[in-house]
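Both complexes shown next keep subunit A, but they swap its partner, so subunit B is in the first and subunit C is in the second.
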Partner chain A sequence: MTELALRTEGVGKQYRKSWALRDCTLALPAGGVIALVGPNGAGKTTLLRLAVGLLAPTTGMVEVLGHDVTASTPHTLSRVGFLAQDHPLYKRFTVAEMLRFGRACNLRFDKDLAERRLAKLGIPLDRRTGTLSGGQQAQVALALALAKRPDLLVLDEPVASLDPLARHEFLQTLMGAVAEGDVTVLFSSHVVHELERVCDHLIVLNNGRVTLAGDIDTLLAEHRLLMGPRTSADPAQGSSVVETVHSDRHTTLLVRDGGLPTAPGWQAHPVALEDLVLAYLRRPVEAA
Partner chain B sequence: MFVFRLDTHSGVPPYLQLVQQVRQAVLLGFLQPGDRLPLIREVVEDLAINPNTVAKAYRQMEQEDLVTGRPGQGTFVNEQQSAVMAASTYTSLRRGLVTWLRRAYDAGLDEQAVNALFTSVHQETRNEGVA
Partner chain C sequence: MTWLIWRQHRTEVCVLGLLVGIFGITLLVLGAQAHDLFPQGPAHCAGQAGLDDACTSSFRRLDDEYGFIENLLAAFYLVPVVIGAFLGAPLLARELEDGTWQLAWTQAVPRMRWLTAKLTALAGVTIALTGMFTAVLTWFRQPFDAWEGRFQYDSFDLQGLVPVAYALFAFAVATTAGAILRRSLPAFGVAFGAFLAARMGVALLARPAYATPLTTTEPIAPKSGNTDWTIEHGYANADGRRLSSTEYYDLESAANRAGTTLTQFLREQGVQQYRVYHPADRFWTFQLIETTLFIAVAAALVGVVVWRVRRRVI
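Our next item is the complex of A and B:
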């Protein structure tokens, strides 16, 4: 697993005067599920579009599966699948026509696989896609993207518009596909709970900058929550404090790379992924 | 077939939840030697969970000698030597806990206070390397 699915170096993207993304350097391993988390307007969509070659970076370099994406050939692009926000489909096409369209437009397209997936979900091929429920439309769009048998599948907010049941079913299909083959999945989300069950890698994007990136197990092991009597001093010296919360008599610190607290009355607790992400999202970031 | 659950709010890493559920089921006799665990793919599609997480849980269970993976057949629960505690130990531990809980409730603690006390003492003893 030395291959990288996505590598960026010093990537920035400027729209007119403002920067949507700045100094973005990432190395994402192949074979995992990577979540890109951040508030609306953080630059998630920009980063994803750069990753699949739909946008060219203003500065820096983007490499997908070992190839520079700006010089992307049809062959490289055939290894990358992209599912844009709101699962776009031609609403007047039937599902079968959508599949035929997919096969005509792609070098690699496993129509049988898509048909099997949709049959399993009970989605009829002769229906116009516009008449399907939101969850079913998402499943059709996902089946189309997976039929390319991509090595890297990029999804922009894939579950944001879905109800809880459809969301679960969508993730079931997506995780099932990861279990079946060697696809690396990169998806953006602003929903932070449920991340832990689906991802093994995390990127937090805030205000156009990457504020946290890494393997989730490693990140959780590196961070701890220290709780003790109210103080302004750092009870665990040598660690970097991510967030400090004071109550009347208590202080709670989120620290990284710290040793155990030596001061009396202090306790160290592991931090939950959701709390970790929220703490990084709350941190002020200078504008990109 | 054994069915896994996932509690997204427990704070326990998902892979550990899976390991703990098997450990507990073995301890309580819901899983017996020779029982087959679901395939990784079945767990993945059932829980909508990352396959690497399930694989990690299964690896850990194999390392703990809780189960054995047989290529092409599945993962099976092992004959347990030390893991299963004697019924008498189980009963006596349980009785001790019941006595303690009665005292706690008599002293006016509510469920949350009991949980908080237990968690804090548990954490302390763990830090001291007892548990």
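Our next item is the complex of A and C:
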């Protein structure tokens, strides 16, 4: 993996007086699926818009596939596909007109591919997009983004507004596309479960700051749960405790120690990805 | 891009085109009839020639038969703002309120090229529609202008170059307001308000000061048709000092007491009438000045939009 899909260095974004994102430094490898997780208002949309060049950072530098995105040359733009939150489409365009829009505004646009995808889903080309269901609109938006044959596909909360069935179908299409070509997918979500099944890489964003970032397998190997008698002492002897939970008689620690020998009387357990993410989201973060 | 711009804005363009067409054809039909009242053409009756019998009767018939239309023309003050603001307001605001700016600016067309194409095309439509309508209106007003001149508020503002400049101003205000407010309808409202305020302020305060007005003082004579733009007139005594309205009324009651007509009495007192005016031949100078003014403001506003889009403020 020589190429980085996305590299940010000290990126911050300020809206009027408040910072939506601060000191964000990331290096995301090309290939695979990257999840950006965080509560609402954490700065996920801001980070994704910065990544596709819709916003300019107040501080720092954003590089996509080795190019400065704010230069927005047709070449850079054509390598990145973006699916914004609520999958906006021109509501009065027919599906066919949306595809014509895609072809008119892109250097490469695989219209046949998009038409095939939509036909398979039974979405008629002559319907106005505004009259389609939410799930179908999302599929049209996805087909449009995939027809660019992007090297990096960025999706902002792609399934948040969809019902469970549409959500399943959408993810199926998305993962099918990932399997077919070597596209890097970066998507945000505030839904934590199911991530393990689809993602290779994880970024946790809280309060405008990156609190955790890394390869999921590595992160899971580095972290573990220690369970033992209730105590206020720190059996892990270090600053590696992510979270401490006390029950009546037990204390559970989430530590990031890379698997050091366990203190006597303590039991080590692997941690599930969902619990890991939740622990990082619960950690207090100084406001950005 | 051409197809996209047409597809996105064809509703506004068609509706405006239809309105301009309907009003334009109506004016052409009525105007042809009004022109027929002047067998030698309305221009022939302009100025002093307008005092001969044939022209006087033509003007009288014009006033009787078509005077009411001339009064209705005042409504066409709003044509430039309707055209400009309808086309300008949704340019950015609709993309911003529907979230489709994120779609438009993540395709391979860089946002500045997108913006340039849209601004050029829609400003072009604004110019074309307003220009066509103004051409018809300018022609329609020829008989009326031969009598009243082209400097009155119901004439100057409707013809020549200024309507296009007003329309571009409204277009620029609507586009800028749309970029800042991110909503079409409020942007349209802002453009409408700004248009009325700017037009009224400029027409009433700035326009008379585009050049130094001329002043004449002459013996009292019956009012004759003239096509100058009189901005002030009144009476001055024998020393040339202008009379206040109180002094004028005093003279009026003195004339009543003396039992002579006012005109007669004033002449005997050596009172003269004075007039502060812009001569009719300043029409194009004034048109150019006002056009430049509105286009300069429009250009500055477009600059703000370009800056915001380039700097990714939106």
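Everything that follows uses one rule, which is that the second predicted complex is superposed on the first by the 280 of 288 C-alpha atoms of A that agree within 3 Å, B and C clash if a C-alpha of one lies under 4 Å from a C-alpha of the other, contacts with A are read in each partner's own complex, and residues count from 1 in each chain.
The rule is simple: contacts are C-beta pairs under 8 Å (C-beta built on N, C-alpha and C of every residue); 3 or more make two chains touch, one makes a residue touch a chain.
Owing to the predicted nature of the structure, the values given are computational and were not obtained by experimental measurement.
Asker: In the superposed arrangement, does subunit B or subunit C reach more residues of subunit A?
Answerer: Subunit A has more residues touched by C than by the other partner.
Asker: When the two structures are overlaid on chain A, which partner does A:E9 contact: first (subunit B), second (subunit C), both, or neither?
Answerer: After superposing on A, A:E9 lies clear of both subunit B and subunit C.
Asker: Could you look at A:C199 and tell me whether it touches subunit B, subunit C, both or neither (first, second, both, neither)?
Answerer: In the superposition, A:C199 touches subunit B alone.
Asker: Is A:G102 touching the first partner subunit B, the second partner subunit C, both, or neither of them?
Answerer: second
Asker: Under the stated touch criterion, which partner chain does A:E222 make contact with: subunit B (first), subunit C (second), both, or neither?
Answerer: neither
Asker: Common interface residues of subunit A with subunit B and subunit C?
Answerer: No residue sits in both footprints.
Asker: Any idea which subunit A residues touch subunit B in the complex?
Answerer: 31-33, 168-169, 171-172, 174-176, 178-180, 193-194, 196-200, 217, 220, 260, 267-270, 272
Asker: Taking the complex as given, what residues does subunit B use to touch subunit A?
Answerer: 6, 8-9, 11, 13-14, 40-41, 44-53, 123-124, 127
Asker: What part of subunit C is in contact with subunit A in the complex they form?
Answerer: Spelled out, the residues of subunit C in touch with subunit A are 1, 3-4, 7-8, 98-111, 311-312.
Asker: What does subunit A use to touch subunit C in their complex?
Answerer: Within the complex, subunit A contacts subunit C at residues 49, 52-56, 70, 72-75, 77-78, 80-82, 84-86, 88-91, 93, 97, 100-102, 104-107, 141, 144, 148.
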